[in-house]
């Protein structure tokens, strides 16, 4: 916020010709240790859909997890931006598709030839929709399949900082050194007002992307307000610190809940999300006390019943240890009464 | 062919202003016992994609079988024609989705609200991709769900005549009386040179469809050549006779193969397609003798192995009893040797 | 800016479920004295293209000025958002198309029938690209033609406040009372960080617009940051005061320049833009002194030559009388020397 | 017709795997004396729109004559197929745009940068909408401008044979040797039932075009019926003979009408179309006698009034000398009476 306020002082060239945007370009290149082309936009949907439209023709197919955010939560944006490209969803209990799945799907597509969409790209969500994180080896294996078919690899990094902190490697290792070609770098969920960026690690892949952004209404005249947010965000004590805090609180939450009777952890807690099954009485009790979370069906675990109710818990950079402890204590108390 | 040749004689108004097209409109209305709007086009992909674009906005979702022809074999045409609409595939072992599935999927979509595509339409393939046929009750149950949400129902009738003959009901009962709003009426697979038609049972649903067809390059200047084919096709002794013959030969093939050792029927044979598993040696032997068919993976049956090889057999109006008998005899002979 | 900072305090529902967005809805309804549907977005291109996609099918045509901003400066956004709709540009020396032109163009289109795009909508820029302003009577006359053909009227109001101040009427009179159905209400050029709004005066016309915005990546998760800007903007002492100041400075500039030798005013100065022809020496001299403006070809006036050089001067709410006087004095001094 | 009937005999591979399509490829390469990629489709709108979508991105602009067939008569097909590309029309009294116009337009576009569509391609209609024909030098000059900006050149050859006969050069000289990259080769207007072809002279430019055709519903399963028509059409005694006859009859018509009082020729008669102004009484008289033609406004000549009524006359390969003489005689008789 301070960064945006500062950017409001004085008058600067419009449409990205400003100093903030120039500095952002250099900053991202430094963070990722390679030349990049960076395009700030205001929403994650825009970042993902623009990136996918850039790497898939209308007659292309993009391999991804069948319940990926781009499939279920962006109102068909990738299809709209690309003029008709198809998202080809693959099943994955933990949200992570595998190199073997992708290789098999591509082989099947090639058999169908011109009747089927052309294998065009692969999109991975990192951290995934189930709070898990692809390892570098998993990404590299998928990227190797992609390379055999000359397909670009996109990473939906709405929660990239959380994944990065979990992996404990450099941003470069987490992306292009593992075979990622284009990254939707999220900032909004981890502290920004409304700022994301499309980062191309291969400048050639970014050809004419500028016009694609403009045509879709995502080029701000006062672009400095986005760039300034991202500049401020990419300070280590902001993006990494925020993600570290959020991840730590998710881990604390997991540990706190683990000891309660009837609690079952449904996914590995790699980032800042937990999916747990609790007895109906506990869930209802927490809701009654005003805690905010969603009942969230998890494949293989019914939303209600003997197996309990599955819910999603999300921590953020603003989550405190006291809040975690309070939630756990409340759950414990309700559980002990029921 | 004779019909097209006849249409070549003399000179007539272009772009559908001809007498053939006018008569086709009347003929289809008579066949379906209701006022209709009929639009001839040259391919099934065009018929399906235009119909879907007409009933789903770019931000809409169309419920269908997850391996429907429109999903796997039209190179993303529905997404392209609609400007981004999403096909929402549902699993179905026999290719027939159910009213309960659709109802559940719509409910889940509505929970996600604006983030998810808007439930827009339902598309059923009749006969299905697995050679099965929806009963009238099954269609009506799905249409009832559709009606509760004001969704139009589309039928991909590339093999409509085969389904109709199997159902033994009137064209009207098989479509609008069971809740179908728009039909892709196939003729190419059942005898025409290249002619399909989009048939709207609700004229309001066809508003401006004429321009949609024109804009996609599917309005012929010499439309009479399509209309004449369809007029000739819709004679009972053509479309119904052709389908009856094809279906009968499929049934004969099923009966002939059923007695062979190691043969397993994988789907009900309702129309003119069989999916059967045969021992690898039999399949290889038939291929060696020059019989033309595809090895065709069927969910739940591996393409090769102890369970045998699954293949697809398609009969047509040109298939003769002698051909069927020859195929069965060859398979029996190979089986007895191995 | 203060409004955005305030909106940053505390935690609120996302995706427009916040109090700011609810209050904005009420505020805009009050300002326009009628129920409205209001959708904040970040750019003018998004506002215009989304509005046009909402009112024109892919096979539609939208009548507008041939060099309208939507035609020349939005990188084809209306065509992209609508899936192919055509902008049908009409000539206009002062940037204002007329009811007679539109009526004639529609008649010609209807003659071509299905081969031509369907007349779908009309889009007017207010204030225009030449700094002129449509009178209420001019708008109403065009809207009357539109109504005869059931076409919605869109107003690109990137400079709506400037036009409104010039007209001296109420926002309602300037829009829906004159026949406008949907307004792109600009705020960015007149003071906001990055905020525009699509305002529908007919709620039915806004059906499903929510999903259109989402699918194009223009629904912010933290929508309150846009809504808060617009709320602050729509205070009379902000939007009207800003526009009044900008317009007054443009008028002062016109008056100051009018007395200089060799100056020719090329358009009526109704809002905050001037198009004037000055001797080449004066233009070059002003550029040398660091004044920022564009050389701007005006139809009928060559960019250079005996007739002088045409330039565009834009004033804003930040422009001061001293700046105007300084510019005029500099021009006078250069002119007197040459 | 005989060719289609012959193609109906026997059974062949589908979707273009047939011998007819293979032979067509070789035939077109021989006719144009260069390797080509040929794609038969059923309509001219499909040929043009697919070709343009192949060479222009959604954010691209295609330079053409402002009243070109692709602009006014294809219901926005190029915008639809390309996902939003813009046709940038240039004025031309005789339907022929010039190299200088295109160069100036590109320069202006480049000044606007990312805000404007990207110059992407040039499309020429040959013969033009006014019955005139670009000379080889005119095409080459435009192609030279195109080459400087790396833009492909498309030729809408709905009446290509007529232009070719007029030019008296080889098909190669009329196209790729003059700088044309992709040709819509028309056959329907010159004798085929319904057959056009997209011909790429640069195979790289055709990359993935196969899927574009499939996705738009223009890949026939029984493609041999299109290929057979084109094969028969491209015999010299068909396509060239037909066009020669049509052109000769247009010339005869021009000569016959030239001597009548009050007749004014409005365009050069290079191919098989005439645009002439006749007295209203003569036009009305001809209409009363049942002659079929359109009253056709020509820029600069009012449709009615003292200057006469402008009409369009089109000859075809079926037009006979007797028909021409009969028309001229009828016109002369009416003129003498009035």
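When the chains are written out, they are named A, B, C and D in that same order, and each has its own residue count from 1.
Heads up, the rule we're going with is that a residue touches a chain if its C-beta (ideal position, glycine included) is under 8 Å from a C-beta of that chain, and two chains touch if they have at least 3 such contacts.
Computed from a predicted structure; not experimentally measured.
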item	value
Chain whose mean Cα position lies farthest from chain C	B
Of B-D and C-D, whichever chain pair has more C-beta contact pairs	B-D
Distance from chain C to chain B - Cα centre to Cα centre, in angstrom	50
Euclidean distance of C-alpha centroids - chain C vs chain D, Å	39
Distance from the mean Cα position of chain D to that of chain B, given in whole angstrom	36
Multi-chain contact residues (two or more partners), chain D	58-59, 74-77, 80-84, 114-115, 117-118, 211, 214-215, 219
Chain B partner contacts - residues on chain C that touch it in the complex	15, 57-59, 82-84, 114-115, 117-118, 208, 210-212, 214-215, 219
Contact set on chain B toward chain A in their complex	58-61, 72-77, 79-87, 112, 114-118
Partner chain B, residues of chain D touching it in the complex	1, 4-5, 8, 11, 41-47, 49-50, 74-77, 80-81, 83, 188-189, 193-194, 211, 214-222, 225, 318
